[in-house]
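For reference, the structure discussed in these notes is given below.
Labels run A, B and C following the written order; every chain starts at residue 1.
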């Protein structure tokens, strides 16, 4: 298909991981004349995880330039933050990234608690940790099923959702919602956990390791999957740092950066868990990071269930909440990476500015540079391992 | 080698110059200097640096050399003071240090140099801030709307924005 | 009554009945294999599959066919009309013709062709052209990419398939499909897939069978070789611009190709209509054995689809050019050498 000649500057910042099949990455400045055409991986597409448009300039099967175009589900949560009181913004936080809603509410609640110096009772902290880690596992199950669907294996999706249903049932019994929980409140959580919930968590923690082993046996070792992910989509640690990519993306590049460990919040310092890190920087490394993270989350939940104290679940909060003027930040390790809330208060009961720094935004921003010269199926496999949720990017 | 707070304070101190002299009125609290250590537990970041708009790039270079990564670029519209503020948040992958670099520009001419050359991740953050506030990041390679429609001419997060 | 029988023994009438039978067989299979695939996929995914239409979902094909017929057949503006309309015809006709040569039973074959094998494989290549026409005529970038992939994949996999068939040809010595089946009379170890081993005509015959099966999956564009219609990348690939019954024809053709491929595998390797235990053969049991083997192979094809993810297309081509062709060449040479040495036909 005739198209304009397209020369893409190669600033050489993609460092190939070991074992990258060099035949699959083409040098954009090669002297072979390129006839390129523009392919639109449109907002409606089975592989785009939501309404993401990627404008790809392609030379046959090779991508010379892939520019993500976002904004199709931009709801302007940051403006909504300026129009409601502190408490009324809480449901918004669940809807930014609906797959790991607990973490996002945690960040906002934590920022306000930091500003207003609200104490959180220990039982509430434990419940926050348990629900956050359950949410992380649920989110990774969706990621796993969706990644394999993208790669053509449609069956594991259903198996993953089987396990996810157990988590969703537990959380529904606890806070009434299956997806967009608004469970945390300033000073604690809104509902105490009864014995049913704690017993259900225990059963889940005992049931899940066998399932993870099943997934590893059936899927991770599969030769076709390994060929699709090993050596594909190398993202170096330097690239992650420059773009601000966090979460499994940077942990799959060898850097053990996890907000729970490097900038501890809540009661995470009391738990004994590892930060899985793989140095290869390819898609398989990111895949293995997330699979290992699920096991570590189970460990944390187990320890929390052992240590959870009795007590109140809400601290003392003034009736009308006003924060002292200034700005406050709080960062959490969401399922996709580092989620930061920066609130600016001018002393009123409505925030002056709410800034939501979402992980998928930064993770996707490196896609343009990382996918240069890649072949289309590999670029899509890499995008799958970036674990994007488009409402998270657009807010 | 992990950077320490002292090293950063010293480097920023050289960048921004000495703190302004204390005000004459005895009851006024001492004006906060441009390089301030803050309590992480109270604010969420360790170092707060105020720079002039043109020094934003050098501040980014200092942090890049020390191994920081760009976290977020936030715009704040101080309508009452006739200024817009841009806050750059930086995180470090191996130490718990977090740095916030802030700068203020007049609302009438909101221009800040871009740091895209140092941190390519700022490309999208600056485009978004431009969308919401109308801040112009001079030298940005592609300041098209990111989240708003391609033909948008309005800036929704300005305090005087009427929908 | 006598006149009816004498009418039936007339060759044109017999052929007509066979053609009607083949069309009915193909139609029934196309409709119910879709349902079978959805039910099997459902059961493998721990869900029931279609179970609303009719008792347990058995009326689902009627619902599907009714829906497809009811849709308006649209020719998108700007397409190459001749090729666009020709492609569904070209993709459906060859498998129908191939079934003329396939023996369902000892005497239940439409035409006992001496060159049956040649007919089947020469028509198998027309499938590629049809998809190329569909992809090209659709004037849609996704379709073009898909068509290019289909051509490279099918060309690559025809070669090991034909090498494998040559190996069979050398051991059996005939291209007549019914004759090949008759040579496999006896117990199951007389089937070609095992017989080659213990008669030392081709000790690697099971490997040859596996290669044939893989090539058959690739030729029919079934997962894990479904680059052409990799739905998560290319939407529907070459068929993106087809709607209603146009798409229905492609769908039917895909399942008919699977039927033809599996029938060939059954005939060439698994003894066709021969019984595996020596007894229970005859004009009634023969077709039943054939159908049993056919559907077992089709089940395996579907099983493979819902188990594995998709390969990248260069991995697929590497598999063919770098692995399957050398192995099939080797088995061919080995078989030829052994046959010469032992003076078998």
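As a convention for this text, a residue touches a chain if its C-beta (ideal position, glycine included) is under 8 Å from a C-beta of that chain, and two chains touch if they have at least 3 such contacts.
Not measured: the values here are computed from a predicted model.
Engineer: A-B versus A-C: which has more C-beta pairs touching?
Structural biologist: A-B
Engineer: Chain with the smallest distance from its CA centroid to the overall CA centroid?
Structural biologist: Checking distances from each chain centre to the full centroid gives A.
Engineer: Using Cα averages as centroids, what's the distance between subunit B and subunit C in whole Å?
Structural biologist: Whole-Å distance between the two chain centres: 65.
Engineer: Using CA atom averages as chain centres, what separation in Å is found between subunit A and subunit C?
Structural biologist: 44
Engineer: Take the average of all CA coordinates in subunit A, do the same for subunit B, and state the distance between these two points in whole angstrom.
Structural biologist: Between these chains, centre-to-centre, one finds 25 Å.
Engineer: For subunit C, which residues are in contact with subunit A within the complex?
Structural biologist: 41, 44-47, 141-142, 144-145, 148, 223-224, 226, 230-233, 235, 306-315
Engineer: In the complex, go through subunit B and note every residue touching subunit A.
Structural biologist: That would be residues 40-45, 67-72, 74, 76-77, 87, 89, 91-96, 98, 100, 119-121, 123-124, 132, 145-149, 156-157 of subunit B.
Engineer: Using the touch rule from the top, collect the residues of subunit A that touch subunit B in their complex.
Structural biologist: Residues of subunit A touching subunit B: 13, 70-71, 74, 76, 78-79, 82, 111, 114, 117, 237, 240-246, 250, 255-257, 262-264, 326-331, 338, 340, 342, 344, 352-353, 355, 357, 361-362, 365-366, 369, 394-395.
Engineer: Which positions of subunit A touch subunit C when the two form their complex?
Structural biologist: Result: residues 1, 23-24, 37, 39, 45-47, 60-61, 148-155, 157-159, 162, 222, 224-225, 227-228, 375-378, 380 of subunit A touch subunit C.
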